[in-house]
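In order of appearance the chains are A, B and C, and numbering begins at 1 in each one.
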């Protein structure tokens, strides 16, 4: 099998890093290879040492185990939210871009309105509306991602809709659903995928921000952001509680960004 | 000039409409919050009669659209109600904290622009050595990947250990002591700036790359213009367009985005105040804060669009987007 | 007497993530002052690469491998940057396919024209250039932005800018491809007459055989990065001696006999990294013999033109386009 992103070493590194992170978190979550995230194994707030390679937190749980569980939650929450937002947003975007007219105006207006909130402000507002928890974090990411998806898909649809094969399909009186599914969608799918990659990385920033404020994932559950929330008070005595999840979070987001760059090069190459 | 004015007028009307929709969204969202206004206000003293009295007094039993109109028309006059926690007018509380947040945002934007633009343009134009090109791209991606609170925590730890001449904790107002103020502000502004450096650098880089291959650059080379002259006369102006757009969006983003950094560094800005209001359910503050953040964001986007049109004559002639 | 333009054994490579391809595979030709030379061939034949190479213009991914381009006897691939720029300013002029795209969209047209004549703010000079290319209301044109002009007007501006310094060589790469049919003729006439007036070489790259036929004296037919047939335009197009030339003529729209068909050429142009020991057109040629696949045909002077075909001296039944 040819390696993906041939000729683009940065994206290859990003993809490799992402694979490592995903495999680690899957193995860690299912088989507890790195220890149990809930077991109160060692002395609280102990520095990294032989028994616990990354130290323990305020309740004596292994930081390594919790971080691995955190990777899992961070990726899963962001991905789930983006998939939902992409599904809804793509449908709305395609309809708006293809049908145009008053429906397009309404959809675009609403997307612009949502887009007018600084993302973190919107996320905080959404999170404040519901009880703190993972579902809230997902809701926040969905609402933040939706307008971007609608905009991007609408723009791509506008370009595709003008092309000859679509006009031909209309002349042949193909139904709306058929045109969208067979002609529009395959041509905007690439754009959707690239945007999903970037939205997942941004979604992870938003989710971790919300969880960092205590409004998202709650203990004993763990996402990388919520681990930062828990560890922040102990920053001066046990800095590893913040740095380990923090560095891992940065690397996770970076790897998704690089993969997104690589995908974009494949779909729509820049003159690099 | 008139094409520009007409464009500006169209965009202004569009922005006003969006703002209206935004205010409706905020109002609806807040009124969906669990726990009624009256319960929170009265706290332990809540009895059915007291609650009914309060609701009558604040007009909370009127139909929602009426309440909305009351709220929005008061807001248009600068009256955002009373904070449930401090009992002071919300507008006054914001006014006191605004300079702090504004200073942070402006400093962060300034850092992001001065670092991000040249790095981005260089990164886009320089193709050899490949290592440099790749490194700059990686740096840009990395800067966009690290959440500001992670950098903030790192810096916080660093400075609390080895002060390096910076101060943390107590905020010193600009008017009181310039040096002290800057020492306190530079670290959180730096944490905020990291994300901006990433965004602006990447935008500048993409702009430079696409311009590098543009037909008119090739034509300019064919006419014997030197690379530095092409950069000066053509590329900077054309690259400024997407960069200005991104910078405006980033500035607007930060007016909400300072919330997390302000909490982390305990800085008395608007963001931290609104965040605290969220946790104690101080609705008037939350409502006003989100509305103001959205308004500023819309205003900055509008400004960016107009600057864009001023720089690129093709935009002025296009019909409203 | 030194030819105004000479290309010797030029080999250029296109390098991408997917590999290397020979964009130009050994080009030899020369042009004298005042000559109008047409270069034709389908997409991928290398004619645009050749046009850019004449000015050593940077094209993404294209690298010089060997050979030389001599302008007034001076080899351009050995020049340093300042000398190259001076050469481009004084001896060369380029006209490209997308007239509006070749102008900076954020700058008024007048300023850009002035920049070509050393930024002289003298309106008279700018107006003079614009009038010379047949524009009327030149003040208005000078005050406009590129996107406000029509394609034809913008191309006139481009021609004016290209000829402002009276260069000895003009390279026009599909100058009318993006223009309406009615404008094409005017622009080509303008180009040809201005070059004739200033005794400049005109290199006209085009896929429009009819345009080339009426306006050039010599023609080069390119395929797969090589010149397959070269000679006087009328000779080559009336009685082609290379199967590709004939195929090109047959596939050209507008020349069919009543009841006849436009015949596209089956297959795709070649793309290879190394010098091939075969004829580039062999896979698509209906007259192919074994020799074509194992020996690379070199240009031979046959019937008053040069043709790179093993069967050039046979009187193959190749139809021309009278």
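Note that a contact is a pair of C-beta atoms (placed from the backbone, for glycine too) under 8 Å apart; a residue touches a chain by one contact, two chains touch by 3 or more.
Values in this document were obtained by computation on a predicted structure and should not be read as measured data.
Across the two interfaces under comparison, A-B and B-C, the one joined by more C-beta contacts turns out to be A-B.
Averaging C-alpha coordinates per chain and comparing to chain A, the farthest chain turns out to be C.
Computed centre separation for the pair chain B/chain C is 52 angstrom, with centres defined by C-alpha atoms.
With centres defined as mean CA coordinates, chain B is found 22 Å away from chain A. Across the assembly, chain A contributes 271 as residues in contact with two or more other chains. Residue positions 60 of chain C each touch two or more of the other chains.
Shown for chain B are the residues that touch two or more other chains, namely 213. Those residues of chain A that touch chain B in the shared complex are 9-10, 109-110, 112-114, 116-121, 124-126, 128-131, 201, 205, 208-209, 212-215, 225, 228, 232, 235-236, 239, 242-243, 246-247, 249-251, 253-254, 257-258, 261, 270-272. The touching residues of chain B, when paired with chain A in their complex, are 17-19, 21-22, 25-26, 29, 32-34, 127, 134, 137-138, 141-142, 144-147, 149-150, 153-154, 156-157, 160, 206, 209-210, 212-213, 252-257, 259-260, 263-264, 274-275, 278-279, 286, 289-290, 293-294, 297-298, 301. Contact residues of chain B toward chain C in the complex are 213-216, 218-226, 233-234, 237-238, 311-314, 317. Of all residues in chain C, those touching chain B in their complex are 55, 57-60, 81-82, 85-90, 92, 94, 96, 98, 101-107, 115-116, 145, 147-148, 158, 161-162.
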